[in-house]
Amino acid sequence: MMFASDNTGPAHPKVMEAVTRANDGYAMPYGNDALSGLAADAVRRLFEAPDAAVHLVATGTAANSLALGVMANPWDAVFCHRVAHVEEDECGAPEFFTNGAKLTLIDGADGKMTPEALARAIAHTGDKGVHGVQRGPVTITQITEVGTAYTLEEIRALTDVAKSFGLKTHLDGARFANACAALGCTPAEMTWKAGIDAVSFGGTKNGCLGVEAVVLFDPELSWEFQLRRKRAAHLWSKHRYLAAQMLAYVTDDLWLDTARAANARCAELAAALRAIPEARLLHDPAGNMIFAELPRGAHKRAMEAGAQYYLFPFQSSLEGPEDDLIRCRLVTDWSCKPEDVARVIDLWRG
Amino acid sequence: MMFASDNTGPAHPKVMEAVTRANDGYAMPYGNDALSGLAADAVRRLFEAPDAAVHLVATGTAANSLALGVMANPWDAVFCHRVAHVEEDECGAPEFFTNGAKLTLIDGADGKMTPEALARAIAHTGDKGVHGVQRGPVTITQITEVGTAYTLEEIRALTDVAKSFGLKTHLDGARFANACAALGCTPAEMTWKAGIDAVSFGGTKNGCLGVEAVVLFDPELSWEFQLRRKRAAHLWSKHRYLAAQMLAYVTDDLWLDTARAANARCAELAAALRAIPEARLLHDPAGNMIFAELPRGAHKRAMEAGAQYYLFPFQSSLEGPEDDLIRCRLVTDWSCKPEDVARVIDLWRG
Amino acid sequence: MMFASDNTGPAHPKVMEAVTRANDGYAMPYGNDALSGLAADAVRRLFEAPDAAVHLVATGTAANSLALGVMANPWDAVFCHRVAHVEEDECGAPEFFTNGAKLTLIDGADGKMTPEALARAIAHTGDKGVHGVQRGPVTITQITEVGTAYTLEEIRALTDVAKSFGLKTHLDGARFANACAALGCTPAEMTWKAGIDAVSFGGTKNGCLGVEAVVLFDPELSWEFQLRRKRAAHLWSKHRYLAAQMLAYVTDDLWLDTARAANARCAELAAALRAIPEARLLHDPAGNMIFAELPRGAHKRAMEAGAQYYLFPFQSSLEGPEDDLIRCRLVTDWSCKPEDVARVIDLWRG
Amino acid sequence: MMFASDNTGPAHPKVMEAVTRANDGYAMPYGNDALSGLAADAVRRLFEAPDAAVHLVATGTAANSLALGVMANPWDAVFCHRVAHVEEDECGAPEFFTNGAKLTLIDGADGKMTPEALARAIAHTGDKGVHGVQRGPVTITQITEVGTAYTLEEIRALTDVAKSFGLKTHLDGARFANACAALGCTPAEMTWKAGIDAVSFGGTKNGCLGVEAVVLFDPELSWEFQLRRKRAAHLWSKHRYLAAQMLAYVTDDLWLDTARAANARCAELAAALRAIPEARLLHDPAGNMIFAELPRGAHKRAMEAGAQYYLFPFQSSLEGPEDDLIRCRLVTDWSCKPEDVARVIDLWRG
């Protein structure tokens, strides 16, 4: 009963087999091997973007930070939601990789920036000439940090605001597959067709060991990206092991299958929570992540039986009045077992 | 007949099996899993350094840059050999990670800084008060960039110079194992017993997929290292896959066995080259890397039969007078086959 | 009738005479001249801080950024008010000088952080271990950006919060003198006696050509400050010209006299605005700066007669309904003439 | 008898008078005043460059670092002479302002890079693809750090090498005027007509209080320069005081008159040293700076009588055998008195 994060699960067997298969004989380093070419091509096909630059890194923070690095000057603002991963969970990586750009925080319910708030922040940022930081890229998280999803129209509304100021947009897709599965749309529809200029296409949380593809729809950014990747120590010498993961991930819809499985488990959890009178969903879960409130007693029963997930505030105690409502985060991944879901639900019900 | 680099070979089966084994069930992320603890403990034991901080990253450049990051202020000099990897092959990663420290280049034959040259450079660096950059750490590459090895006495002589100025020392051990195998010494003897304060202990080039351990003998640097690692996007969420590699690598002397195999193949190549009248070794190879000169005709025969290795200057042509001497680099790894070695030798001999 | 800013006025004659006097014969460079020693001593005496390190720079942004540079790690948060100069008006200088620290914005009415909001932000910042940025210094602006002043108790309340988390505090005193004049307190009372660790003591806006003293009550930060100052190109070779200004400024209470004059003119403006029924003060002006609302017609009469000051939003038009209320900022400096004040008041009254 | 540096002397009376004159009434800040426009125009006329962007800063290190900042990416090499001020005397400011570019040191006698050495270094820098730093700008110091001057042909030979690789060139003209006076050429001839793209045109060492003009012959770099200047805290609010200095400096050939005076005194010193049998000029002095060797006894006589200048190595003792040759640096400025020159010569002669 592990619902702590989608990075606690194993890699999918097909991914692991691909890595093992790749471990045969010699291969040229630094992406100059056959698998690396195949993986990039496959990602381009997936995104229907034959001219896009596709580069692999091993962590989501690297994907985001390097993408923002080629999109933002040091003296620029980067616009993101107040609770975005780039703001809250990367120890200042965007500031490091951009040499000091300023993350400018946009409000919006359910983890989603509103176009109005974004437009206001951009307008405010640009009104001081040389004295203020300049307008830079907008970065959108999809699935959001609170488990919701922007609709395609909502994404388009944000990119329209950005474009109206001449700004570029990035999509942090650590849970990109879960969003596609939720919206029933294609990668192209969720990105360049909706006005997105660059994507961090996540694999790690959804069945890989550690690989993310950065897709730059403007290939002119490719060389600078490669220099920044090397300089940031994110260019793998034995690049085939990244490539093998990504290639397996995007082959035969594996990425979508794993996301659908995770989302299905999450939907089961959400349905159950909706049916528990004392429970409350804090947001409408779209993919594989739920924020909810449950009585302490329910948490206690589940956790004492082995369920693992985070309570908020961190380190909230299980000791205390049983009826107190305590917030929690629940995340499912591709490997999540229906019987574990059923069991935790039973435990909550008491 | 692949002698282009020690990053072209596969991971050792024991390492790959360990990764596959690690891919079972759930594990807490970011190094909070059992394997990660075991791996760090095993490295501490290997180095006879029970108090050392041990942290894993996936690339050698990350290991070096993060280690230098916790040792050098932005306004410091970092002293290294003129041809050090940190100077020549990392696209300025040390400058990026240190926020602009100045690599100060030390001369010395055979890729080895001399204590005299080092002392001179340090003394010169410190003589301008606030106007010049300040004295920072010394970083030593072992096996050197030209395939030689510092003796333990030579390492000690350099660290003595550093200590006499109150400076810290780092050892870039991308080929650490090859050096230990060559010198017949222990990791402790080659590092803290010889005055080294921090080590990049390489696994990638010697049988792993991609893992390096940074060993900080001063554990007080540990927390800053961890912050810098996260901020540089080098903290893996599914950390078990780094840990599994490193644990397998240091178990049952695998690291040493793979290095010995690579060194043995290299020694065979070197012996053959010494016996070819037209050939010349440019340095005395200690580990798994040779720089040599051979007639163009010898290179042509070998390469047309499928041998792969680099010529210098890069992209030297195989067309031209057969007797012209052309420099080359030859690198062996654990997987290098004796028959391939024998065959390339035969081809050179003509 | 110039009320656009306190950086539009001339230097006080005593300051200019001191600079002219300093321009005699030779003087050792980089602060090694007699005047520089005298100026630092005088500032130390003014602050009753015999052990403080005192360093001069030519701009307020340099003072703030260098002070924050020695107080914040690159991976730290710097806590400041949402409208602080360091956030809004320095084109990201704090991010540049700190190599990427994150300005974390605190709310509070009238330009003043509340202790509660500060405590909440600090607590939130520290709850993610290595994943989030770490807790760094708090910087307080006095006179605030909206012209109000923290009382000594309010400053103490903020520094108490900071200290309770083990954090350092900086005071951005671009209008330090105006605040002292307003509160009737000593520099020591407004700084170290209230828990402040470092101050940017402004001269430029209050009668100097361009000089600010950074006062570090912890002299252990002095050497790093000096290295950062040189590295940021803010160490003057002909340092005597900075020193002469600062020495004249703190001699015979000149700094206080000029601030009192500016504050007096500002009080006259405020009293008049309070008496105009259509006008409204947006904040209670403590020093030499007013934010107010006046009918467009009043602005038009004043500006067409030559009054200069900023309207908000920037470039608000004077064309339109005369009764519309339009916000404005009014700043006085030491050189502001009572007759100009009287005249603009008459013009507003119509 | 002050020969320690050209930053020990006072500002020229005409410059000081201009500053005093500028201290009258109100002036818009941040360069939006009349004097600032006049100063920029005057510099453009002086350089016969009507389209050039001209920006003022207060220190030479700021001028150099900001100019390099707009010319070099963080992952670039900056090519300079081994003893260049940017390498030796700025505490890593170029690395700070460029976010980590790598200064690549070029050899050459008499402080002058040779075209051959420059071409070799550039070629070497570019031969490693993404692994090495990339080719960036070349910066040339004129008057060099050892007091010599490049001829116009020598400058052209270096810029030709740079252009052949598609690289930009910067001229560090802290002693620009002394070089023009020495070569008898115009500013245009020494810069854009010789292939230079950007200049630090120094005023501080040659009669100003503290002002340098950065002249960018490519005005497209202007906006980024202004952002970097603000972000680095080098945009003066009371900009008129920088402008007044620069305007006076370039009016009626004052810059050239002061340089000629300094050069004349230097020539007198050089002629005398050539006539002293025990003395030796280490380089052929072109402007206002001499490196020479004299017996300890000569130094002792001069210094005990009050002469001030630096010995090398720093803090060489005046105690010891009188005949030992000890190196020294002698610098003259516009205010240097012929009788002081005559007297130190007499003292050396003994």
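We just call them A, B, C and D in the order they show up, numbering each chain from 1.
Definition applied: contacts are C-beta pairs under 8 Å (C-beta built on N, C-alpha and C of every residue); 3 or more make two chains touch, one makes a residue touch a chain.
Going by UniProt, the chains are A, B, C, D = L-threonine aldolase.
Everything numeric here is computed off the predicted structure, so don't read it as measured data.
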Farthest-lying chain, centroid of Cα atoms versus that of chain D (L-threonine aldolase): A
Contact-richer chain pair (by C-beta pairs counted) among A-C and B-C: A-C
Geometric centre distance via CA averages, chain C (L-threonine aldolase)-chain A (L-threonine aldolase), whole Å: 42
Gap in Å, rounded to a whole number, between the CA centres of chain C (L-threonine aldolase) and chain B (L-threonine aldolase): 51
In chain C (L-threonine aldolase), residues with contacts to at least two other chains: 74-75, 90-92, 96, 99, 130-131, 134, 227, 230-231, 235
Chain C (L-threonine aldolase) residues within the chain B (L-threonine aldolase) interface of the complex: 30, 73-75, 99, 130-131, 134, 226-228, 230-231, 235
In the complex, chain A (L-threonine aldolase) residues that touch chain B (L-threonine aldolase): 2, 4-5, 7-11, 16, 19-20, 23-29, 57-62, 65-66, 90-93, 96-97, 204-205, 209-210, 227, 230-238, 241, 308
Chain D (L-threonine aldolase) partner contacts - residues on chain B (L-threonine aldolase) that touch it in the complex: 74-75, 88-92, 95-96, 98-103, 105, 127-128, 130-134, 313-314
